[in-house]
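Listed next: structures, encoded as C-alpha cells.
There are two complexes below, and they share subunit A, which is joined by subunit B in the first and by subunit C in the second.
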Partner chain A sequence: MKSASTKRKSSVATHDVSVASALPWIGPALLLIILVVIWPVVELVRISFTDITIAGSLLDFHGFANYRELLANPDLYPVARRTLLWVFGIVFFTVILSLPLAQLINQNFPGRKYVRWALIFPWAASVVMTSMIWTWILDAYSGEFNLTLTQLGLIDEPVDWVNNPGSSFYVLMAVAVFVSIPFTTYVLLAGLQSIPNDIVEAASVDGASHWQTYRQIKFPLLRNALLIATIINLINVFNSFPIIWIMTRGGPGYETDTTTTFAYKLAFIESNMGQSTALGVFNFIVILLIVSLYLKLTKATRTEL
Partner chain B sequence: MKSTKAKKLTGKKVVTISVAYLIAWFFLYPYIHMFLTSVRTHEELYAYPTTHFPQVWQWRNYLDLWDNAPIANYLKSSLIISISATILVLLVSLPAAYFLARYRFRFRGVFLLLVLATQMFSPTALIIGIFREVDFFNLLDSYLALIILNAGFNLAFSIWLLAGFFSSIPAEIEEAALIDGCSRVQALRKITIPVALPGVVTAIIFTFVAAWNEFTIALTIISSVDKKPLPVGLTQFIGQYDIAWEYLFASTIIAIIPVVVLFIAIEKYLVGGLTAGSVK
Partner chain C sequence: MKKLTKRRIVALASLGMVASVLVAAPAQANTVTIKVVTPNYTDAMPAYYADLNARFMAANPTIKVEHENLSWDDILVKGRTYISTKSYPDVLNLNTFSEFAAEDLLYKTSDLFTEAKLSDFVTAFRDNSKYNGVEYAVPDLASARMFFINKALFYGAGNTKIPTTWAEVTAAAKKIKAKYGSRVYPLAIPLGSEEAQAEFQIWAGGNGGRYFNESTKKWVINSKENLETLNQLRAWVKAGYTQPNPASTNRTDAFKLFSQGRVAMINASVFFPSTLKDYKSKVDYGVAPFPSANASKKPITLGVQDYFMAFKKTGNKDAVSKYLNFLFEGKNYAGFLKAAGGFIPATKSASTEVDSSLLPFIEQLPNAIFYPGTLGSWGPVVAKITTQIGTGITKNPKTVLDSLQKDAEKAGTN
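The block that comes next holds the complex of A and B.
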C-alpha cells in the first residue's frame, strides 16, 4: 500500500488524452468487464422481474411477484439471520486473530520465512480441497480430531461435528476463519511494514511500553490496512460458497445455508428461478453497499493522511 | 546487526519462536494430514479406532489413482482453462494498465470503478446471470466460457499491480527510445515490459492460481466429466458410498503443492495487487 501510493506520486509524465485514443488500450478490458459483470447483472435484474419457467424460455413481465414470493418464503428468515452471524462472526474472529499474528510474523526470529510460508498454504490451496480435508479430519469415526479427543479423555463417544445440528454451522465458520486469516494477516503485515521504524524507536526511547507503542502509535497507523482487510473480508465471506457447499450442502434442509448458498440452491437444485433471482438481486445490493462503504472510507482516510 | 540479535536469545524470544512455530504447524496441519491420508490403505482409512500415522505407507496410491478416477482429464481441463485465462488476462491487462499509468482521460474514474467491480463481485453473486448469458451464447459446457469468465474476474489484480509497476518507470526512458526511432509498441516491448517483469510474473502466477482454484462457475456450467477441472471433478468422490479418501487426497496434494510453491514465489507482491484498488 505504501509502495503503491509513493509510486503514484513519482510517476512523471501523465498526459490528458481523449476517450477515443484510450479505447484501443482499455477497450479489451472494458469488453471483458461488460461480458463478465455488466451483462450478468443486467440479466439477473431483468429476469427477477419476469415470470420465468424452469426451461427458461417464457419471459413475461411479472412486476415484483418474485420478490413477494421470496419474502413470503418462511425459509428465508432463518437463512438471513444466519447470514448475519456468518459474515460478522467470521470477519470478527478473522481480524481479531490476524492482528496479533501479523505483529508476530513482523518480528525478527529464526525461521520466520518458513512460518510465513506455512501461512501461504490455506491461501493458495483450493478452498474446496481445504474443506474436504477438514471434513475428513472432523469425521466422527475416522477423523483425527475425535481420535485425539478420545485419547485425551475429553469425549467417550464419537461426535459428528460436521453434521451435528449443534456444531455444524460453527464448524463451517471455523473453517472460513481458517482460510481467511492468511490474506488478512498479510494485508496487516504490509500495513505494519509501512510504519517507519524511527517513529516506533522514538516512542521506546521516550519510555513507552510495548503495549503503549502498539496501541498509541502502530494501531492508528494500521487503521487503513485494517479497514481494507475488514471490508474485503466482509465481501469475500458474504460471497463464500465452497466451504458450505462441500461440507454440508447447506443442509440438513436449509439449516446451514447462507443467502448465497440458498440463492444457488433455489436456482439450480429447486429450479425456482424467480425467487432465486430476487434473492440474487438482494445479495447484489448488499455487496454494492459494502463496496460503496469501502470507497467512501478509504477515500476519507486517504485525504486525511 | 544480525549477530547481536542472535546472541540475545532471551526467554521472551524463545516464547515468540515457539508460538510462531505452533501457529505455523496449525496452518500446515490439514495439509500434512492430507498427505498422511493419501498414503494409507483403503482398509486402514475405514478401520476403527483410527491411528495418527499410517500403519502401512502405501506410496502406490499415487500411481493407482490415475486408473481409479479420471484425474488425468481433470488435470488437463484445469491446465487448459488456467493457462488460457492467464494469457487472456495478460493480453487485456497489459495495455490497460500501461495506459492507466501514463495517461489521464475522461471517464478514467468510471473505468477504475468497473475494474474494481470485477474484483468485488464474485461469480457466486451473479451466477444465475452468468449461467443465462453463457446459455445465450451457446457456450454451456465449454472451456471458452470458463476461460473468459476466469479472466474477467481476475482482471483487477493484474491491472492494479501492473499499473503500479508501470508508473514507477519514468516515462523519460521510453521517450528516449522513441527518439531513437522505436515505435511506441517497440518501446513498450523492449524497455517497459522487461522492467515491469516481476509484476508480469506475479500477475501470471496470481491469475493461474485463481483460475486453478475456481469452483462455482465450473460447477455450474460444466456438465461433461471430461471437461471438469480438478476442484469440481474431485467433488465426485464425495457423493460416493465408499469414498476413496486415499485417492481423493493424493489428487488434492498433486493439485495444491504446485500452486503453494508459485504463491510463495510471489509472496511479497501479493498484497499490493489485492488492495491497490483503494488507493488509486
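The block that comes next holds the complex of A and C.
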C-alpha cells in the first residue's frame, strides 16, 4: 500500500520536473556530448565552407567552393566506388562467415571455452597490431605465408600479396573481415542463445531435420541480432582507417584508398584542408543515414517484442 | 599546468618583493618549454638528442626541452598535422621549410644566428634556404646520390663496365637477369611513398628533366623529358629487370634487398655505406656517377638538403636561438652528423674533416640539381608527386604526369 503511494508520488514528481532540476544529473553527459560530438561536427561543417590555408589559418567564407573542388576531383570517383565495395563486401563476407561460426560455438563440445577465447582474440587485439602482423605474415620476401606456399610447392616464387595490384585491395578486405568476425559472431551467438529451447525441441518432435530447424526456426529468430550486427558493422567498416593505412597507406597513388583514408590524405599529406573537410561532411552524412536506419530498425523491433 | 601555477606564484612573489625591498625578480623566473621535433635519420638519433638536451638544459636551467623523434614516414605526416592543427613545434627538422615561411610562421635565421655563425653554412645550401630572398631555415646536412652496384653480381654476370647511359643499364640488366634468373633483381627502382620524388628526379635529371623550370618560373612536371624517363622506367619494369611493384616499394625496402645481395644496381644516397654497415651487409659494392639518358646528356646528381627551422611563438625566440646555436657548436654538430650517419656537412667548418668515403659525393656536388625547395607551394606539390608518381608504372604515364602538372599549377609558383 505504502509502496504504491510512493510510486504514484514519484511518477507525479517526474512530470513536474523542470529541465533545470534535471540538469545536474544529465549535465555532465550533455557537456561531454557537446564537447566531443556536437562541437567537432559544427567545426567540420564551418571549415568546409571556409577557405583554409595549409597552415590551418582560416580565411574567409568560401561558399560551396570546397565542395565544387572535391566533386571536380577526378580521383574521388574511383575511391568512392572502392568504398562501396569495401563496405558491402566486408560486411557480406563477415556475416556469411559469422553465421556458421556462431552456430559452432553455440554447441557444447570439449574445449569450447578455448575456441571462444581464440575467436575473440582478434577483437581484443589492437587493429594496428593485427594489421602489422598481417603485413609481416604476407611480406613478399620474408613472410611466413609465402614461405609456406613455396615449401608446399604451391607457388614457384614469392608473391607480393599486399602490393600486387590484382590482390592488394582484396587482401586488405580479408584482414578487415578477419577483424570484424569476432564481434559479429558474438552478437549472433547472443541471438542464438536467446532462442527458447522448447521451440527447437518442438520442431525436432515434429520431425524437422537440422537444416529445416535452422532455416525455418532459428534463422528467422536471429533476424534482430543479424540486423544489429550488420548495421554496426556497416558503420565500423565504413570508418575503418588503420588496416588500410598500416598495410598500404592507400597506395600506390589512391589505388587502395577508401573515402576515410582519402579524406586523411587530402588533409595531412596534400595539405588540402578544404576538400578534406568537404569529404568529411559527406562521410558524416553517410554515417548519419546508417545510424538513423539503425535507430529506426531497432525501434521497430523493440515495439514488436 | 605546472608551468602556469609556477608562473603565477613567481609573479605574486616578485610583486611582493618589488613592493617591499625593491629587488628585481630573479632570472630563474620563467621556465620556457620548447618542443623539438626531429626525424630519425638513424637509430642513433634518440641517444644523441638525449645527451644534447640534457647538457643544454643543464647549461640553461630556465629552458626545458621536450623532444620528439619520429621516423621519416611519420614526420612527413605528423609534422604537417602539427602545423595544420596549429600545435606548432618550436624547433622542427624537416625536408621542406618554404610552405611554413610562406605562411609567415618562421623566424628569419638572422633573428636566431649572428652573421658570423650564418656565414659558416655552405653558401649553396644557404641559397636553398631562402623564401622570397630571405633565409628562414638553416641547412642541417645534405646528401648527394650515386649509382651503387653489387660487384659480385654485376661482374659475375659478365659485365665489364659500370653503365653511364640508360642503354648500358638495359644491357647490363639483361646479362644479370640471364645469369641469375628470378633470384636477383638487376635494378631496384623504389617508387613507394617514402622517396619516390627523389628516385624519379635522379633518373629524369639525367635526361634533362626537372619538376620546375627556374628560369621560366613554371612547373614542367609533364615535360617531354620526364615522360621519356617514366617510359624508360616502365620498360625496365615490364622487362622484369626490377623488383616487383615498384610503386609500393619504399627506399628502405630496396636498400634491404641490396644489403641482402638480391639487387645488382641501385640509386643510393651518400649515407648508404653506413646503412649497409648497420645492416651488417657483406655486399662488396662499387660507386659510380649516375647514368644519364644517353651520351649527349650530362650526368647529374640530386642534391638534397634538410632544414632546421624555428616557429614564431611568444616568448620562445631566445630559447630556440640558444638551442639551435648550441646544436651547431663544433662538437655538438659533429655529434649530430655522426648520429645522422654519413651525410655531407652543411657547415664549412665541419666540411674540412669529412670521412674519405664522402669525397666522391662531394666531388659530384658541382653537378647537383636541387628540388625547387624555396617555393612556398613546393611542400604540397612534392607530397603529391611522392604518392602519385609511382602509379605511372602501371597507369598511363602521360595521364599521371598531366594530373600532377595540373595540381602543381593550381598550387602556384609563389
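Assume the second predicted complex is superposed on the first by the 288 of 305 C-alpha atoms of A that agree within 3 Å, B and C clash if a C-alpha of one lies under 4 Å from a C-alpha of the other, contacts with A are read in each partner's own complex, and residues count from 1 in each chain.
In the analysis below, contacts are C-beta pairs under 8 Å (C-beta built on N, C-alpha and C of every residue); 3 or more make two chains touch, one makes a residue touch a chain.
Everything numeric here is computed off the predicted structure, so don't read it as measured data.
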**OP:** Could you tell me if A:P252 is touching subunit B, subunit C, both of them or neither one (first, second, both, neither)?
**Re:** second
Subject >> Contacts of A:K265 with subunit B and subunit C, given as first, second, both or neither >> reply: second
Subject >> Partner chain in contact with A:G207 - subunit B first, subunit C second, else both or neither >> reply: neither
Original post:
What is the contact status of A:N164 with respect to subunit B (first) and subunit C (second): first, second, both, or neither?
Top reply: second
**OP:** Look at A:Y141 in the shared chain and tell me whether it touches subunit B only, subunit C only, both, or neither; answer first, second, both or neither.
**Re:** both
Subject >> Touched partner set for A:P28, first subunit B, second subunit C, both or neither >> reply: first
**OP:** Pick one for A:M273: touches subunit B only (first), subunit C only (second), both, or neither.
**Re:** both
Original post:
In the superposed model, does subunit B or subunit C contact more residues of subunit A?
Top reply: B
Original post:
Given the touch rule stated above, what does A:G153 touch, subunit B (first), subunit C (second), both, or neither?
Top reply: neither
Subject >> Overlapping contact positions on subunit A, where the subunit C interface meets the subunit B interface >> reply: 56, 141, 267-268, 273
Subject >> Residues of subunit A that touch subunit B when the two form their complex >> reply: 1, 3-5, 7-8, 10-19, 21-22, 24-26, 28-30, 32-33, 35-44, 47, 56, 101, 104-105, 107-112, 114-130, 132-137, 141-144, 147-148, 150, 178, 181-183, 186-187, 189-190, 225, 228-229, 232, 235-236, 239-242, 245-246, 260, 263-264, 267-268, 273, 276-277, 280, 283-284, 287, 290-291, 294-295, 298, 302
Original post:
Quick one: in the complex, what on subunit B touches subunit A?
Top reply: 5-6, 13, 16-17, 19-21, 23-25, 27-28, 30-31, 33-34, 37, 45-46, 48-52, 88, 91-93, 95-96, 98-107, 111, 114-118, 120-133, 135, 148-149, 151-153, 155, 159-160, 164, 167-168, 170-172, 175, 209, 212-213, 215-216, 219-220, 230-231, 234-235, 238, 245, 248-249, 252, 255-256, 259-260, 262-264, 267, 270-272, 274-276, 278-280
Subject >> For the subunit A and subunit C complex, residues of the former touching the latter >> reply: 53-57, 74, 140-141, 157, 160, 162-165, 168, 248-249, 251-253, 255, 265, 267-273
**OP:** Using the touch definition up top, name the residues of subunit C that touch subunit A in the complex.
**Re:** 76-77, 80-81, 83-86, 99-100, 103, 105, 182, 191-193, 244-245, 247-249, 257, 262, 379-380, 383-384, 387-388, 390-391, 394-395, 400, 403
